[in-house]
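Here the chain labels run A, B, C, D and E in written order, and each chain numbers its own residues starting at 1.
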Amino acid sequence: MSDTTPLLQLRGVNKSFGVAHVLHDVDLAIYPGQVTALVGDNGAGKSTLVKTIAGIHPADSGEYLFEGNPVHVHGPKDASALGIEVVYQDLALAENLDIVENMFLGREKTKGLVLDETTMESKAREALTSLSVRTVKSVRQSVSSLSGGQRQTVAIAKSVLWNSKVVLLDEPTAALGVAQTRQVLDLVRRLADSGVGVLLISHNLVDVFEVADRITALYLGRVAADVATKDVTSRQVVELITTGTSSDLDVAAASSTTI
Amino acid sequence: MTDIIDSDAKEAEQVGFAADLTQSATLGESIRAYIQRVRGGDMGPLPSILGLIVLLIVFGFANDRFLSNLNLANLTTQAGSIIILAMALVPVLLLGDIDLAAGYTGGTSAAVMGLLIVKQDQPWGVAVLAALATGAVIGTIIGVLVAKLGIPSFVVTLAFFLGLQGVLLKLIGEGGSVRVNQEVISGIANSNMSVAAGWISAVVIIAALAALGLLGHRRKVSRGLQHQPLAVVVAQIVAIGAFILVVTYILNQNRSVNANFPIQGIPYVIPLVVVLLIIWSFALGRTTWGRHVYAVGGNAEAARRAGINVDRIRVSVFMLSSTTAALSGIVAASYVGKVSTSSGGGNTLLYAVGAAVIGGTSLFGGKGKASNAIVGGLVIATIANGLGLLAQASWINFVVTGGVLLLAASVDAVSRRRRSATGL
Amino acid sequence: GGSDSEGGDGGSAGGNSKAEGKIGVILPDTKSSVRWESADKPALEKAFKAAGVDYDVQNAEGDADKMATIADGMITGGVTVLAIVNLDSESGAAIESKAAKQGVKTIDYDRLTLGGSADVYISYDNSKVGALQGEGLAKCLGEKDANIVFLNGSPTDNNAKLFSDGAHSVLDKVSTYTNVAEQSVPDWDNDKAVTIFEQLYTKVDGKVDGVYAANDGLAGGVISILKKNGQNGKVPVTGQDASVEGLQNILAGDQCMTIQKSATGQANALAETAIAMVKGEDPKTTSTVKDDEGGRDVPSILLDPVSIDKTNVQAVVDAGDLKASDICEGKFAQLCKDNGVG
Amino acid sequence: MTDIIDSDAKEAEQVGFAADLTQSATLGESIRAYIQRVRGGDMGPLPSILGLIVLLIVFGFANDRFLSNLNLANLTTQAGSIIILAMALVPVLLLGDIDLAAGYTGGTSAAVMGLLIVKQDQPWGVAVLAALATGAVIGTIIGVLVAKLGIPSFVVTLAFFLGLQGVLLKLIGEGGSVRVNQEVISGIANSNMSVAAGWISAVVIIAALAALGLLGHRRKVSRGLQHQPLAVVVAQIVAIGAFILVVTYILNQNRSVNANFPIQGIPYVIPLVVVLLIIWSFALGRTTWGRHVYAVGGNAEAARRAGINVDRIRVSVFMLSSTTAALSGIVAASYVGKVSTSSGGGNTLLYAVGAAVIGGTSLFGGKGKASNAIVGGLVIATIANGLGLLAQASWINFVVTGGVLLLAASVDAVSRRRRSATGL
Amino acid sequence: MSDTTPLLQLRGVNKSFGVAHVLHDVDLAIYPGQVTALVGDNGAGKSTLVKTIAGIHPADSGEYLFEGNPVHVHGPKDASALGIEVVYQDLALAENLDIVENMFLGREKTKGLVLDETTMESKAREALTSLSVRTVKSVRQSVSSLSGGQRQTVAIAKSVLWNSKVVLLDEPTAALGVAQTRQVLDLVRRLADSGVGVLLISHNLVDVFEVADRITALYLGRVAADVATKDVTSRQVVELITTGTSSDLDVAAASSTTI
């Protein structure tokens, strides 16, 4: 489908929670310099897939290839060592810490033993302003006092603004305002253009069609289709999302093992 | 950061954040802002200090000797071991865990020290190191059981609470005790710095505080970061300095009730507590490790996702905390003059946890400071000290202790009420 | 209540009357025995009041730290004679040396502070208490073959060890007796004692002929298990403290004996001595006790414990430690009458 | 529900929810589903029961009398008061609170009962009611202080822990202990049901269980709701019934070691515990109040937004829990034959909280059941019981108690591990 | 503006958190039978306004009128007594309870003393199906195991499907899929048509223009405009949101006290 090897590839991934079999033989590929959109109904398994890639809960079975080599990702540390950054749907911020502390959590800047608060604070301020957040009173405000959209911006700034190879974004614009959404979509495009492999989950097909190069549709935990954006229409994608098939879609789509 | 954002950063910089005090405000403005903050309910450590002050006033009225120099000095040495134990518990509570065994960890470690000095004729330095090592080993085992096996810390430390009682019994022998009369050790709680040394340390500490405060302020101003106005910084330094000088002055008076036997100077336990406070405040507030402790306590899953090794943080916290508990055992042994089979038992642990909580540390994790232990420990010690002077029947003592504890806690709770009412 | 807050009687602090100074007494706890609060304290206060001296009587509630705190407070409060019931020798010695440095005279009350510096020691002989308990049990058992279970006091309490050693010194010599099981009861906890004894009873299949219980509280627990198994009254049990509970059990025939260490008598001896010392007089001691650790002979006033059984319960009442009405309440009225108590 | 949705409801009904067992499955399918669930880590109460079984085996090997009829009967009476106290603590822990005073609440209430009987010649019923009322009053005060003033429950109950010690001391100070030899009261722990009554109750309970289970099943099937297959329901009833019959059989044997004094029958404490279990399980699991308790413990803010009066829930929980604690004090008094100044003190409270936690109740609120107290209480009681038979030196007892507690907890933790690994 | 009296009206409401003055003299009206959209940038104060109405944190000053009468709302109980139902942005579900338990929290059905689980379960099932949730495995599943969109649906079902007079929806469709969003928008319209006053917060202007009768725009805590949907264009609303003013807007809008 694409001439380059995928940066990150999953093959035949299965994942169950107790009796609930959430992912069935999922194949997924993320290419460098491209935005891959992952779409699907509520509860289709999109977030589960992202968490599986990120090592939050490893897959029960299946292959995990990074830059063509099989790897084992046992936890978030392994994933970030590979250069994978994630914005989770549930954000995962520590409410008792402030914005700066959250943004640099796990990769604090230090001077010797001591935390380098001044550097972190100014970098955090830069990052937030670049994402059009104007209503935050102070970067030293505790995250518990932020609005929904402000939190989401912090989570994005926390994960996206680093040198990484793959970025997974789970509904990053869900709580964002018009201007902020614009900034994030631009950012996504810029990231891809700079060679990063981006996976974008969104329910907003307008956004998807604007930035995505490829679309992977999940239906009840199975990959319903994996197509180039230019080959499909919005109506067809809606059909894939809600029914798992699209009658008039040219299913040359690679691994589209519809139920 | 990648250069992904750099393009925008410069023009964005202008926007700024409304409440970031990157411009210097005048003192007047700052005071108004402070009052507004207090009105709004954001009062920092004020409420618990208020509780302590209420206690001091109540006991001061109840007994005229309560505020005498001698008694205030007694109070500091009496509070020493509980403050240190509470400080040991703060990081554990920050994780949302608990360490019921901390009291006996202190007792057992102190017993190791005592036995090494008395039975093995070891120098005190070796004995103290051995005691601290004992604490560290106990803490590490607890931490590993909690972190790796995933047994709730309440259960693990309950098991150690019992097990260490047995170890202590075995070490010391039934009904026995180990005398701690080595000069240095027993001096911690019973000797005082010379008057000159006291003044010098006080001045040095104030100078250090002033230097740090002013330099930090200058750096922030020059980098355009959020900062307090200079006047506030200076006011803070002056207030703390004055407090230190007053305490030093009081303790440097002769407080003996016996004319032939003058007692004066700062008890050594005070510098010890101050040093521990500095170490723990630094570790929790200024290092990556400390930041991670707060993160794990606030949201362990978020911490894990941020790549923090949650298990390692947990083990290290239990290790360091038990080491500090060992130190508290040593201080207690110094004060009491021995280690007995019940050292660290009784209500020691509950009091220490209570001290940390009264100081403002949350049992649910993520919220608290080393300095909470000081205020809370002083509250607990003040109750015992004040009641001791009143000399009531023992049942009245119990009831009044409970009542006074409630009083201190409700002053705190009521004055924090606004805070929660305003949703902070 | 202490005196300095309500010190109207006897001219307080700067006193103008005969006694210049103040007596401090620190009692050990409320758990090991009730005597401290129920007997010693009132007797002491009564005696001090009568003598018109200033005084301060407190209880350390089993906590050595607390005792040190109280001692500090008392010395701050101007005490010139300090009597303590140490929780252990080491903490006691620390208090005494601190007091001595500040010119305060000290008295060891009930428990000798080994390596201490007390000026006088006033007590009952604890080894003798144990021996009396042993003799009492032997008397109840007679010469027959007998399995004996030992229920000792707290493993952290040195007196418990002295009691137990004293009892062993008597009972171990009787060849027909077998020591079938022995356990200590942590903190003298009456509740734990019941489970511990129930398990010992099960362990030896109920083949118990006599029980050494270190005090009346433990004895009460033993008796409740014996009762459950229908053995109460058939298996003699020792005790100590001559408490209401123990005396009632004796009257009911469930307990073999107890030890009376008249707290009132002892307190009176303390009051007398302390008052003399406050006035600067030398205390009248009767003997000396050797302090091995400190290597000195401590001037002592030693009182004799009395063994109490069904025949001499009245002696406790006579000593003023208890009122007959306390013992003879409810169901025990008849038993009292039968045994001439009242 | 408004009729807003009714229009759609009918056609939507067809869709159904994948795993809702609205259709009956066969027994075979159910067993497979169960195995899959256990594999997946969802094991319900199994792990903590497993810990208990491991203990029983260990002690069974260590001492041959451990599994004797007499000792098993001892175990049930010894466990009685701690199980009840743990059950009292479960609802408090469900809220995410703690009640350090529960032990002394029991002691104080029992003292009130004892004094009323001994000194005031009141009938036992009045005395028991007064004791329960004492517990209720204490609980209400604690609840109000926690809920209305917002003082952390740890601090409030620490204050009561101390205060009640004083009250207890005052109440029974003079005599040192209050004899509890009223026949009915002392019979709770020391008397047994007649053999016939034992068998009859056993059969009645099994019949009731069977009826409830089968009727419930039938109702669910007829309404098309989620339900277990009939075979599973029957299998559960059979298993529980068999367990009840075995226990009844064992306890109905003569277990006396003394030929002249037969002891047989179910100790009265067992039906008491069963009744309490039923009441608490019902209150927590089947009533609106219980639902609200879980909601407040899980997310107090969500509960508040749902219009639940969080303060009232909190006060009522403390009230009922302290009342139950009073009952545990009565049972303890019955077993010990008296109330002393240390009743409810010592490690009572820590053991009871430990029991609840070992049984599976979370200290962070929202997770736990009344039945957790039974398993956890048995674990704690078994340790004391088993060690008592081994009769080792005190220090060994302490160490082994700690070790065995850890053992039981790690069996539990390790067997739950899969569960957390799979993210449940 | 409208010929009926508002069902719920706020006048000059102010709200501060400590030093942060979040709402400035806010006027708001919710009319029966109408959908009022509340729009604004991230951190503009929309959720704070909703929480103020719901009694979560009462206003510092200002008037609160319900059906024309001044009322005092001190807590969520007061609000729900008035017939106000709220879907909060942060959902506020108890994760330890299952779907049915959450949906009926605070208004459980009982038979005598006992919870009527069967009735609640079947009603919950109906409600969820009506909102197009098909991937939920079981209505007895714990909320902690639900996907983001499934949770949001539960929160909506919990609050919206009751007989109430006013319904406040804070970004109810943020996490929803295409079909579910459709259902919720239809539900909103149905609610309004049946006479309920609805306040809808959303960043999605397409949705807003589809269902809303009136639009109130917040800018930095102040009401920038309060206009009928038909009088404005999407571009104008974006301008209001991002700058607080719209040059070419016919500001006859009542209380539009732009900064």
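Following the convention adopted for this analysis, a residue touches a chain if its C-beta (ideal position, glycine included) is under 8 Å from a C-beta of that chain, and two chains touch if they have at least 3 such contacts.
A quick map from chain label to UniProt name: A, E = ATP-binding cassette domain-containing protein; B, D = Xylose transport system permease protein XylH.
Just so it is clear, the structure is predicted and the values come from calculations on it, not from any experiment.
Touching chain C and chain D at once are the following chains: B. Using the average of C-alpha coordinates as each chain's centre, E ends up farthest from chain B. Using the mean of the Cα atoms as each chain's centre, the chain most removed from chain D is A.
Rounded to whole angstrom, the centroid-to-centroid distance between chain A and chain D, based on C-alpha atoms, equals 46 Å. The distance from the centre of chain A to the centre of chain E, with each centre set as the mean of the Cα atoms, comes to 29 Å. Centre-to-centre separation of chain C and chain E, using mean CA positions: 73 Å. If you average the CA atoms of chain A and of chain C, the two centres end up 75 Å from each other. Along chain E, residues 17, 19-20, 56, 134-137, 145 each make contact with two or more other chains. Of all residues in chain D, those that touch two or more other chains are 19, 169, 173, 394-395, 398, 424. Residue positions 30, 37, 155, 184, 186 of chain C each touch two or more of the other chains.
If you check the complex, the residues on chain A that touch chain E are 17, 19-20, 40-44, 46-48, 89-90, 133-137, 145-150, 153, 171, 174-181, 203-205, 220, 238, 241-242.
Touching chain B in their complex are the following residues of chain A: 54, 56, 75-77, 80, 86, 88, 92-97, 101, 105-108, 110, 113-115, 118, 121-123, 125-130, 134-141, 145, 158, 160-163, 187, 190-191, 194.
The part of chain B that touches chain A in the complex is made up of residues 1-2, 4-5, 8-9, 12-13, 15, 17-20, 219-220, 223-226, 286-288, 291-292, 294-295, 297-299, 301-309, 366-367, 424.
Interface of chain B with chain D (complex): residues 96, 98, 100, 145, 149-152, 154-156, 158-167, 169-170, 174, 347, 350-351, 353-354, 357-358, 362-364, 394-403, 405-406, 409-410, 412-414, 416-417, 420. Within the complex, the chain C residues that touch chain D are 30-31, 33-34, 37-38, 155, 181-184, 186-192, 194-196, 198-203, 205-207, 217, 220-221, 223-224, 227-231, 243-245, 248, 326, 329-331.
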